[in-house]
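We just call them A, B, C and D in the order they show up, numbering each chain from 1.
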Amino acid sequence: MRRKIPVGILAATGAVGQRFVEQLANHPLFQITAVTGSPRTIGKPYGDGVNWLLDGDPPKETADLIVQPTEPTLHERVLFSALPTPQAQKLEPLFAQAGHIVLTNASPFRMDPYVPLLIPEVNPTHTALIPHQQKAYGWDGFIVANANCSTTSIVMPLKILQEAFGLETAVITTLQAISGAGYPGIPSLDILGNVLPHIGGEDSKLESEPIKLCGTYQDGTIIPAPFKVSAQANRVPVVDGHVGSVSTKLGRRVTAEEAIELFKTWQPPEICQQLPSMPTPVLVYRPEADRPQPIKDAKTGNGLAWTVGGVRPCPVNDIRFIALAHNTLRGAASGSILNAELLTAQGFINA
Amino acid sequence: MRRKIPVGILAATGAVGQRFVEQLANHPLFQITAVTGSPRTIGKPYGDGVNWLLDGDPPKETADLIVQPTEPTLHERVLFSALPTPQAQKLEPLFAQAGHIVLTNASPFRMDPYVPLLIPEVNPTHTALIPHQQKAYGWDGFIVANANCSTTSIVMPLKILQEAFGLETAVITTLQAISGAGYPGIPSLDILGNVLPHIGGEDSKLESEPIKLCGTYQDGTIIPAPFKVSAQANRVPVVDGHVGSVSTKLGRRVTAEEAIELFKTWQPPEICQQLPSMPTPVLVYRPEADRPQPIKDAKTGNGLAWTVGGVRPCPVNDIRFIALAHNTLRGAASGSILNAELLTAQGFINA
Amino acid sequence: MRRKIPVGILAATGAVGQRFVEQLANHPLFQITAVTGSPRTIGKPYGDGVNWLLDGDPPKETADLIVQPTEPTLHERVLFSALPTPQAQKLEPLFAQAGHIVLTNASPFRMDPYVPLLIPEVNPTHTALIPHQQKAYGWDGFIVANANCSTTSIVMPLKILQEAFGLETAVITTLQAISGAGYPGIPSLDILGNVLPHIGGEDSKLESEPIKLCGTYQDGTIIPAPFKVSAQANRVPVVDGHVGSVSTKLGRRVTAEEAIELFKTWQPPEICQQLPSMPTPVLVYRPEADRPQPIKDAKTGNGLAWTVGGVRPCPVNDIRFIALAHNTLRGAASGSILNAELLTAQGFINA
Amino acid sequence: MRRKIPVGILAATGAVGQRFVEQLANHPLFQITAVTGSPRTIGKPYGDGVNWLLDGDPPKETADLIVQPTEPTLHERVLFSALPTPQAQKLEPLFAQAGHIVLTNASPFRMDPYVPLLIPEVNPTHTALIPHQQKAYGWDGFIVANANCSTTSIVMPLKILQEAFGLETAVITTLQAISGAGYPGIPSLDILGNVLPHIGGEDSKLESEPIKLCGTYQDGTIIPAPFKVSAQANRVPVVDGHVGSVSTKLGRRVTAEEAIELFKTWQPPEICQQLPSMPTPVLVYRPEADRPQPIKDAKTGNGLAWTVGGVRPCPVNDIRFIALAHNTLRGAASGSILNAELLTAQGFINA
């Protein structure tokens, strides 16, 4: 058996950090050998320091690791970052400079022209930015970002439509799960039996990130995709799973049947088939009128698959659909792990 | 003191019927003197037959009324109908023929060319259809319908924008409360911690009713409004209050500030000021980023006011906004009562 | 018209403080003329500084008051305290020493032998402690505490049973609303679709406070009631309304019918009839098998009445019952206001 | 590989029936070869007829089975019954008479003196009733019942305490999940943000079933356990997992430490170790103050383990504790499957 690649988790005690710990247990390529955490937890075994929010208990092999401070003295080359925004902004470049490969969930570098904003099934070729990033910033390591969890939930079907028919505009309303706000996150008095029609900064992420994700790599830069997005994000009392309700104007008239057939038969880029965590299928089309639903569909494909339904003609634009993805798996930890698998397949990460 | 007008409630024991009973307690113009109900409850005092779903107990004066069968032998000229769709379709014309004025919550006659689909603040002149209805169908009485609760939640701000700037398209996603499905309605296993991205028939109501409501009365007909609506309705775990997330293309470029100023200063048609239940203001603009919210705003103006927020430029169309109305008050019982008040002010209902 | 008594609210910007502001609007005896708040809000108009959690907006007359620091330089003799525990412990004695009458929701002085733990319907004579308190501590003012919200929900029926039949033991399990934890309080990820079988310190309050409340005033002290309580508190995803499930061993064999008749006919002490906020009846017995319920019964009597149901023989002890009270009204702000009304009727508070 | 034992599922399309189908997928001993369902679904492939309420889709191997009517012409000797009460009462004896082994979730025969009310870890010797049942009723087959889901959640720790210390009384309040009411079950308007303090018939099941389960087999009958139970059942807005809050009077004074040590070290009867689905450990003691919780603990041990916490001295009786079990797995389908495994280990079921 091949030796696994040792990896570290930055901010492993937080909500997203815990998902990394959970999802990397028994991973075929990677093994967690370091975890970092807040001052309160440093020096304690992870299993003691963490306020475990997920089912059951932390995996045994990680529970015994001693929580370290988040400093570029870590030995692991590959780091998954669940750092909060301000710390990510400050620390992730230091790690990249010190030679680390940083797979980040944080937002600060997503729109950086040299940082790949990466979803393997959407834009695997964008990793070609990496040498340009290293050269531009003088780093030995590099940063690869995954998209915001709400962007993730809708961008895969957008990309599929764009490739097949062309895409001009998308008008989106999301219904997002509370786990997307981390822990302690949303106070229960604010959300029990309620809708919060605003998530700070989310609308603009939803309006900008898909343009980069669906853009084209060319000569060291990403040419933005030629479509426009309008988005309004809502928080709803759901634990896991972001829903996006989308109206699209396409490059040509398309029937609902054509769009459905496309979603049913679409295959991801070939390199994706080598990635050990890649779900089959990547995108599930549900014909039932009332799907996708968070409690029934978020865990599809171990929380890595998209579910699409409600495909029908739009009286104003061309095609409406509803998309769902698991926000802390596909939209966060598992998405980063899949990015690391792609980087390994492409040779950017080596054992 | 003027004698009150006696009114009857059809299907008074159901969820919407109970709202009628609650909202007509101590009404200045109307007094409930008859209630009808299902075979199980006929012959019993209303207070014994009803499975009261609202706070506390049924109002005393109605609790003692004996539940009658739903037949056109009722003495009351004015009837509020909370009948389910199939019974409404069959029975409401019989009541109108027998000389009753039927104020209905049901959907069958909403799009009938001779039936006013009425919201006093939106289209008070549409009652001019009534004599044409009576003539066309040979009825002594008539039917006036109120809009679907989801339509109601978004049509008032649409109408305001239409009047001021012109309206070309609206792309809508709703987040609707469970009380909209009646009782027993949505099984808890389907909605607790979940979103149901489909409500049977609701999308098409949302796409057609605003066209009629915002249309123009002319020579015995309603000329449809010249805009298009695309809608997708979702059920969320909220008790009362439908939220609509709306992107609009207007007749001209409008800044968010212009739209906000419009919402803050808009006044309903003058006849509305005579209606005893009319809230002041009819539409509340909330400047906070995270409003309107069902639990904080649905009860505004005794559940009769609209709340609008999130007004901002739309990157794809012109203006986005979020609207909220109480679905079983403004969107159902109280809306019908306000319609009856308008009909009284216009002389269609007499003491 | 009699001039109203000016009162101040300590910590008026918090969750309980807001309830004081809401419930004292238009009060016949008291008028808010001062509000204190956290450093963040001091110097701002209350309406701007507060993050209003209740329906609609703060009452106009209080919205314009400038938030002051919480210091014993306030002019108002009567103060309602919504201070958090550590600040209450430190500041309330300073206010009492400076001549203020402090009606507190906080826990530190509830079990103090000289402080009345007061519910007007339960133990109005306990205010006889006040002169002893003033003498013992050398204070010009005094402190009167109301009980913990969970204690409140079950103590009224316990007292009624004790008086009529004698009470030996009560075994209690509570199902408590999230508003009892204040704001931000319980994180939504902890409680949505969940039960938290622990509330810090609540079990011991439930086990000790009823003993004092149902005790007897004699010669400057309260003789503890001769019964024992066992309690286990749970948090459930309910907004308002604490439910207590209680099994009691009484002084003699009692049939369920006797207990029901007692609850239906019981009247509070005579002095209670003078209090303007006193609900009628104080305790509502519901014969339906599935009552009391938080959403249907918590608001009974403006949130000041208890609702009792599920009265039946206990196979182990004597009588089981279920009790409910509104935790932020009867169990907090409105309870304190009622205490102030009692003190006014008894002459401890003067205009 | 040993051939698997073919089994049938009665009422496989309902909520509990679906759990059987889910949990028997890939079972090492049993294979579903027949499913029965309602008239609406008979003749259709199971995957088409069922309204699948669980995650994802029905298991492929069962999805293709044609739904049959529920009649004693089934070929499978072993039948798992998810029949509703009235049908169970009528049909299960007919199946037993026709030679079938019926493992039932229904209540009608639980308290029958000849029917084992069985939980392998609690009372594996009660299967000695089976030949007496066959003789008394003249049946070739037999019925074995599992306990009500609420009884199940608290009976294992009660049995452990009884064996170690003796048990005199238990006063119980439960907080039960909505899935216990089946589908459509509880209307969402009744339970969202609410507690229903009543579940029809549940209190008496909780008060009687533990007496039989903890009783002693002797000469063809079960001698009831010599303790008394008082119970009050509540429905709370939780999807899966029943919580019981319990106060016990034991045979002797016991410290909390003794009780905790007992729960931590207790082992089930030896025969349980042969059962392939038996979780390890069967009972998990959680030292954290706020455990067990439904969302964190219900799935422990694949939903078959009990979780116990909150063990402390009771001021009225001896020991209080909180117990949790998954109501549709341990308390229903998986419990029946474990019973079938025990019957196989004991030779009552043969390949």
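Quick note on the criterion: a residue touches a chain if its C-beta (ideal position, glycine included) is under 8 Å from a C-beta of that chain, and two chains touch if they have at least 3 such contacts.
Computed from a prediction, not measured in an experiment: that's the story for all the values here.
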What's the overlap between the neighbours of chain C and those of chain D? A, B
Look at the interfaces A-C and A-B and say which one is made up of more C-beta pairs in contact. A-B
Can you check how far apart chain A and chain C are, centre to centre, with Cα atoms defining each centre and the answer in Å? 48
Taking each chain's mean CA coordinate, chain A and chain B are separated, in whole Å, by 42
Going by residue number, chain B touches two or more other chains at 192-193, 237, 239, 295-296
Where on chain A is chain B touching in the complex? 169-171, 173, 175, 193-198, 200, 207, 228-230, 232, 234, 236-239, 243, 245, 247, 289-296, 309-310, 314-317, 320, 322
What does chain C use to touch chain A in their complex? 15, 53, 178-179, 183-193, 237, 239
Which chain A residues qualify as touching chain D in the complex? 55-56, 192-193, 239, 295-297, 299-300
